[in-house]
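Labels A, B, C and D are assigned to the chains in the order they are written; within every chain, residues are numbered from 1.
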Amino acid sequence: MKRTLSKARPSVLALVTLAASLASLAGCDQSSQAYFTATSAPKAEIQRSIDRLDASLATAKDEQKEDIRTSIKNLEEELGALPEKQRIVTTIVDAMFGTPDKPIVLSATGLDANKIRLAAGPTTANQDGNTGGLYRRHCVHCHGVAGNGAGPTAEFLNPYPRDFRHGWFKFKSTGINEKPTDDDLRRILREGINGTAMPSFKLLPAAEIDALVEYVKYLSIRGEVENTLYKRFDDDGIKEMLAGAMKGGEAGDEFRALIIEDLLSDEATGVMATWKRANERIVEVVPRPEVSSEESIQKGREIFYGKGGCVQCHGDSAMGDGQTYYVNDIDATRSNAIKQLVNPSFPMQALKPRNLRYTVIRGPSRDIDLYRRLRNGIDAVGMPAPTIPPEEVWHLVDYVKSLPYEFNEPGPTQSENTRAN
Amino acid sequence: MSSHALGDHGHAAHAHDLHDHAAHGHQMSFIGKYIFSRDHKIIGLQFLFSTLLWFIVGGLLALGIRWQLAYPWSKLPILGDMLFSGEAGQMSPEFYTALFTMHATVMIFLVIIPILAGAFGNFLIPLMIGADDMAFPTLNMLSYWFMWPAFVCFGMTFLTAGHGAGSGWTSYPPLSVIESAAPASGMAQTWWLLGVTFVGVSSMLGSVNYMTTIIQMRAPGMTMFRMPMTIWGMFITAILQAFALPVLTAAGFMQLLDRVWDTGFFVAEGATANNAAAMSGGGQPLLWQHLFWFYSHPAVYIMILPAMGMVSDMIACFARKPLFGYKPMVYSISGIAGLGFIVWGHHMFVSGMNPVLGVTFMLATMMIALPSAIKVFNWLGTIWGGKIHFTTPMLFAVAFVSMFIIGGLSGIYMAATPVDIFIHDTYFIVAHFHYVLFSGTAMAVMGAIYFWFPKMFGRMMHDGWGKVHFLLTFIFLNGTFYPMHLLGMVGFPRRLADPYHYETFAHLLPMNQFMTWCAIGMVATQIIFAINFFYSMFYGPKAGRNPWHANGLEWCAPSPPGHGNFDFQPIVYRGPYEYGSPETDEDYYPQWHPPKQGESSGGEEPKPH
Amino acid sequence: MSTTEHAPHEHLVLEYHPGLPLSRGKTIMWLFLSTEIMFFAALIGVYIVIRFGAFTWPRPHDVHLSEPIGAFNTFVLICSSVTIVLAFEMAKANQSSLAKIWLALTFALGGVFLGVKAYEYQAKFAHGIHPSASPRSRLYERADLVYAAAVRQRLADVRTELEKLPERTDEQNEQLSRTSTLLNQFVRPLEKKAVMANTAAERQAALDLLAYGVFHAEPHRGEADSSVEGKKIDAEEDRLKAEIVAAKGQREAIAAELPTITDAEAKDKKQAEYDTLGRAIDTEIPAMIELLPTLKTGLMSDDNPDAHWLKLPLMIPSGNMWASTYFLLTGFHAIHVLIGLIAFALMLPMRFTAKNAGILENIGLYWHFVDLVWIFLFPLLYLF
Amino acid sequence: MGKAKYWSIVYLMVPIFGVGLFVAAPALRMWLPADVSEHGHTIDHLFVFIMYLTGAVFVATECALVWYLWKYDSKSNPAPTKFTHGSHSLEVVWTILPAATLLFIAIYQINAWADQKLVRRAPVESVGPDGVRGTADDVPKAPIAEVTGRQFEWRIRYPGPDGVLHTRDDLLDVNDLHIPVDEELVLVIKSEDVLHSFFLPNFRVKQDVVPGMKQKVWFKAVKGSEGRSYDLVCAELCGWGHYKMKGRVTVDTQSDYRAWLEKLSFEQHKTSEPPPATAEEQ
């Protein structure tokens, strides 16, 4: 990467920077509609986050205090450097991807522009109930216009809606730290996520679901690029590249192509690359061992309470009372200050292991889904994979599936309901 | 607190003679006169202005609902950018729930009930029965001042997270109790419950006072069966309020405790939503519905009986003919009140209540249609053979009858349990209660404002503009509400932010757009009324004591009446509806006119004073 | 304009048609009381619906309700009704000072009533019976895993808290060891037994035993129930004693085997086993046996000292709804008593004559009403 | 003011447009939705019956009102023609007539109500030993599925091969209820969180779902409805996403229904998946 950048002569870079700052002024005006930018009003949000952390200092335990102080310091630094960063990053991202309402689909992303067009923009309903602006109609009030998981309803939900901008997805067929396949996203849209506020959109026409899947990917990629630019803003040499990318016309295009090439398509961590390889990272499912289900459940129980280590989090009674992080799942995985841009003003939520005795298993509940989850662990919430041979995971699947029925004690029904018999 | 009661003289030239009347004799500060006034007339006007103000709020909330139904998820005009910058100006779904919840709440608790009982009840009761004030003026003042905490509480619901309480005006648990069940079930719902409690206290204070006044403070000769129908309506309403409202207050306290202390009266064991901690203890969600409707069904009569009374007075006056069947009217009002206590279950036919109970409630409900039918026939009988003056109040009063027929008849569909299975919670219901409450009660209220305006402010409202106001309102309200019957027949459910998801209802969008534009027209029309109202208050022609040549006792007092109401001892010689009586040459024979040539119109002789 | 002009004159004192033969004050008081009747009718109605809708209901004994105290309070309130009537009679006879004495006595009796009520409330709170507490009250409806987990968590919390203390008093050390014993010897084994049980009956038996050990609520399931649980505890004791015997045998066997082992590693292992058995025989199992009589009376029963500081969750079927309705009914009644007392206090400085005796009569009416409500509440809550 | 009586025409518009709109309604597709249940016609019949009855009363009273207004306005009728305080016999007539009609309506429909809501009229597997249907010894028909309302979707649970709900072999689905055609069927409905209402417009079924209660609804899809889908609506406010609770009921032939369950079972238990199609292949 450094090699690429060193090609650019300093004098040219200076000119480019000047032009870019002028251009970005115009750009700023354009993006003044706060809801288009992924980082809507970040200044206020960071400030609120600082305030919240300050307030939590009083009640925090001693060992936490140091962490909190560091966080505050980082945030304050972030706040100081923000306006300039924000201006630049927003301009570049808008130039590359457009706004969520008027998306630009880069060929490098491999997304289908037609589908995205169906999902983006304001809702338009006609008399037959066909609509454009599907995302606005179905998703926006939780996931937010920019897919930042901060729509007006979001704050009230437990758990909070997914912030697509991190590219983290919990329920998928691929491995940990991998992107989901289209089928995975489609399944979530169709089946909903049991145990959360994400409802099923099964009855939407297949074309509309596909359009929404494509649009979610678009928002995710756009947001991740934005986050990446923020994160690596101060890296050596990147500033020059960014400055180039802010140019209009062909020169700017070239620089943006550079960004895509250098920053985002990196085989290991690049945004584009990870999305493209998702289909190849599907976790293999080994055949089910041929034992009776009773036996399998018994074995599963032994693993659960034994070498699987499940009991440590899910508790002695598998009711999810083993431990609780009193942070929300976004906080838990934030690694640097910029991630605080995610809904920092939302109140903390307890991140609890699932109560497995409850009839609802969160997320898709086909055998194969459970297998993959138990085999891989769950992204974004930190459920680790148990260290057991792949075929034994099936026993665990059977045991977990049997848990709600093991204690099948329906509560008393109301007396007035004479109809129930 | 004694002061002179003044006639029409002396201060006639002064534009603010109302102020002078009240001030005369005692120099009271503005606050003493208008804020902490114990004069029933001032309190009545305080109620009138407050409720009309809230009427505007309620109307605008309704427009918000209509906008979403006509143009779902499109940018909300004017307010969109301000309220919903996070989602490009389109309304959030929880805001929609708050809209219809607060529309109903405001209209029922802050407009219709207080404008009938609070404004007209306060203003008219002492005047029409010949008393100098309410039995307990201070209590009366308190009944108004308990509305203000309610105003504040309901206002607060808008300011807390979630933009307003959103469990419907029925506040059904568990949605209203489990705090995390919906954004609007948070603090907003607590404020809402507190608001309802304050309204309850206010109504209770008012109603016991009204009853005492009507029982103990009638003018000599004013027997129970010489009271105008308005007073009968107010009297029965007061009884309903006094006996039904405490139940809601108790239930409201319990719901409040459920929310604040998790007592769980109305939440089933283990109930949870949105991954909140499960409730312990096993209450019953249906219990709330029983308690709520035990109040709220009588409440629908609280919202119509005074209107029926006022309409009876207006129709008799402008048909220049005695009210047809006065006693049957009284009995039917009382019958409605009595039956009103045993029909609450018809709101719960599909709620999971024991279906056998449903049958009993259906029978009772069918029977309660009867007194309403009798009243309609009697109004027709009054008009029949009369000498009808088409004044603005009369137009509104007849509109009440015409619209109440629709509202009453559509009620029969709901009373029929099997039919209710289909139309329950659809727009058929919405059509029904808007025909009764808006096309009915609100028409009567508007008529009553035109009718008693001269008594309130000493000046007449402009009749021509009044008629324009009437005509446009009448057309637009039918355009808004009548098609709701058809929507209901398709099964179009209430309270859905976007019903067009469903194939069954997708084709109803154009009709909803038509209704929305009618609703906008209806709200806009009220601007005419507002201008007429305020213009006439200051510049309308002087009214004199009895501009309509009516019989009621209030018309013998000065307009507006001074402190103490009457400048002579009123004595009642006959019933209130002796229009066109052969005993007199004029076509009316006021209650206070002594009989000519020693004739007696019946009733006991008044005592000398 | 048809009215004749009248000359201006002073504010008329209007005359009225004869209405009811009551003063206005009395009329409105009666009307107000009728609204109050509806208010309490709603509350009592809720109580009845919930009580008879519940599948079981705690007996007064289960929730520490004492009939004699209730009866005493009833008596106090009835006396106060008499005294207020006497006050009214004295006022009518223009004997202001006597009226005041009777009024003060009424005030005092009302105060006594509230005092007793406060004492009763305090007793409930001390036993963990609240209207409720977020997110869950200490009362649990059924002996299920949720309950077992709650007991375990409470004990774990207590232990953590005690362990965290920089220095502990002897008493606290005693509490710590007791908490640990309960947790490790009583709750965890039973919970584990329930989780690992193969049949529903086996599981329920373990959970019932746990709940019984904590608190003896006696749901109306059958008279023999408690003795059944008691016998289970006896059986448990026998089993533990047998375990000691078996362990002793095992240890002796190991002791005999030990000298013969040469491999160091295996020897250490055996030695550890030997020590473990020793601990079980000397301390752990005896600690459990020692625990059993306590469990038989119930950890959270009045005569158990643990009751005051352990604050374990209790299993009282329908206890939550009982608490909700009890505090609702008595609470609103107490508020009414309080309002009455305030009214009395305001009236005490007054001078009573036959003329203003009406006000005493009105407040007396209110007081009788409050009394009457209690007459309904006492049997409903304490006796049935 | 001779023209004052023309105000009556305003009121005349009420019955004209009132009836007119109902006449035009079917053409506007605003009528009761197509009925595919066996019992639905009873409800429709009652609806239409009440509609004609109330329609007649509506037209009669509104016309009488308009006619009186027109005839007796103050100009055309300068001296009031009647001075009457009422008529006792008329009051009796118009008390008894409506009372009889209303009672008739009430009694006329009791059976329709009982058939749909009274649990002892629910379909039975077999009548008990006493040979009388609707007694305690009947064997009630097993529910074909349990529908659970939850914020904001309908979770559906089929009993699976053992025919018993809440066992390990249950089949789970969401929002998409399949039912066999031409079969009396029972559904168990319940709620997981707040009130919902199970509303099938085309089957004339509506029942609130109350947390803590398990309720049954029963109906039969008539022949000819197979292969089509109908809306399942939530008709009780259940929170911000109330409008999102859209479900679908698909009526299948018996064989299609079995195939559907098979497919559901296969999906539930399959242990491998074909690799996903790439974007190009789609």
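We take it that a contact is a pair of C-beta atoms (placed from the backbone, for glycine too) under 8 Å apart; a residue touches a chain by one contact, two chains touch by 3 or more.
From a predicted model like this one, the values you see are computed outputs, not experimental measurements.
The chains that touch both chain C and chain D are A, B. If you compare A-D with B-C, the chain pair joined by more contacting C-beta pairs is B-C.
In this assembly, the C-alpha centroid of chain A lies 42 Å from the C-alpha centroid of chain D. Centroid to centroid, with C-alpha atoms defining each point, chain B and chain C lie 45 Å apart. Look at where the CA atoms of chain B average out and do the same for chain D: the two points lie 31 Å apart.
Between chain A and chain C the centroid-to-centroid distance comes to 48 Å (mean Cα coordinates, whole Å).
For chain D, the set of residues touching two or more other chains reads 117-119, 151, 210, 212-213, 215, 240-241, 244, 246.
Under the contact definition stated at the top, the residues of chain B that touch 2 or more other chains are 92-94, 182-183, 268-270, 274, 276, 282, 284-286, 352, 355-356, 498, 501, 503, 507. Residue positions 141, 153, 197, 411-412, 414-419 of chain A each touch two or more of the other chains. By the document's touch criterion, interfaces exist between A-B, A-C, A-D, B-C, B-D. Of all the residues in chain D, the ones that touch chain A in their complex are 117-119, 140, 151-153, 155, 166-168, 172, 174-176, 192, 210, 212-216, 240-241, 244-248, 267-273, 275-276, 278-279. On the side of chain C, the complex with chain A involves touching residues 52-55, 142, 144-146, 148-149, 152-153, 188, 191-192, 194-196, 203. For chain B in complex with chain D, the touching residues are 92-94, 96-97, 166-168, 172, 174-175, 178, 181-185, 267-274, 282, 284-286, 319-328, 350-352, 355-356, 358-359, 362-363, 366-367, 369-370, 373-374, 376-378, 380-381, 383-390, 395, 398-399, 401-403, 405-406, 409-410, 412-413, 415-419, 421-426, 471, 474, 478, 482-483, 485-487, 489-491, 493-499, 501-504, 507-508, 511, 577, 579-582, 587. For chain C in complex with chain B, the touching residues are 1-3, 5-6, 8-12, 14-17, 19-20, 22, 24, 27-28, 31-32, 34-36, 38-43, 45-46, 49-50, 53-54, 130-137, 139-141, 318-321, 324-325, 327-328, 332.
Chain D makes touch with chain B in their complex at residues 1, 4-5, 7, 10-11, 14, 17-18, 21-22, 25, 28-33, 42-43, 46-47, 50-51, 53-54, 57-58, 61-62, 64-65, 68-69, 72-74, 77-87, 90-91, 94-95, 98-99, 102-103, 105-106, 109-110, 112-114, 116-119, 151, 193-195, 197, 199, 201-202, 204-213, 215, 230-231, 233-244, 246.
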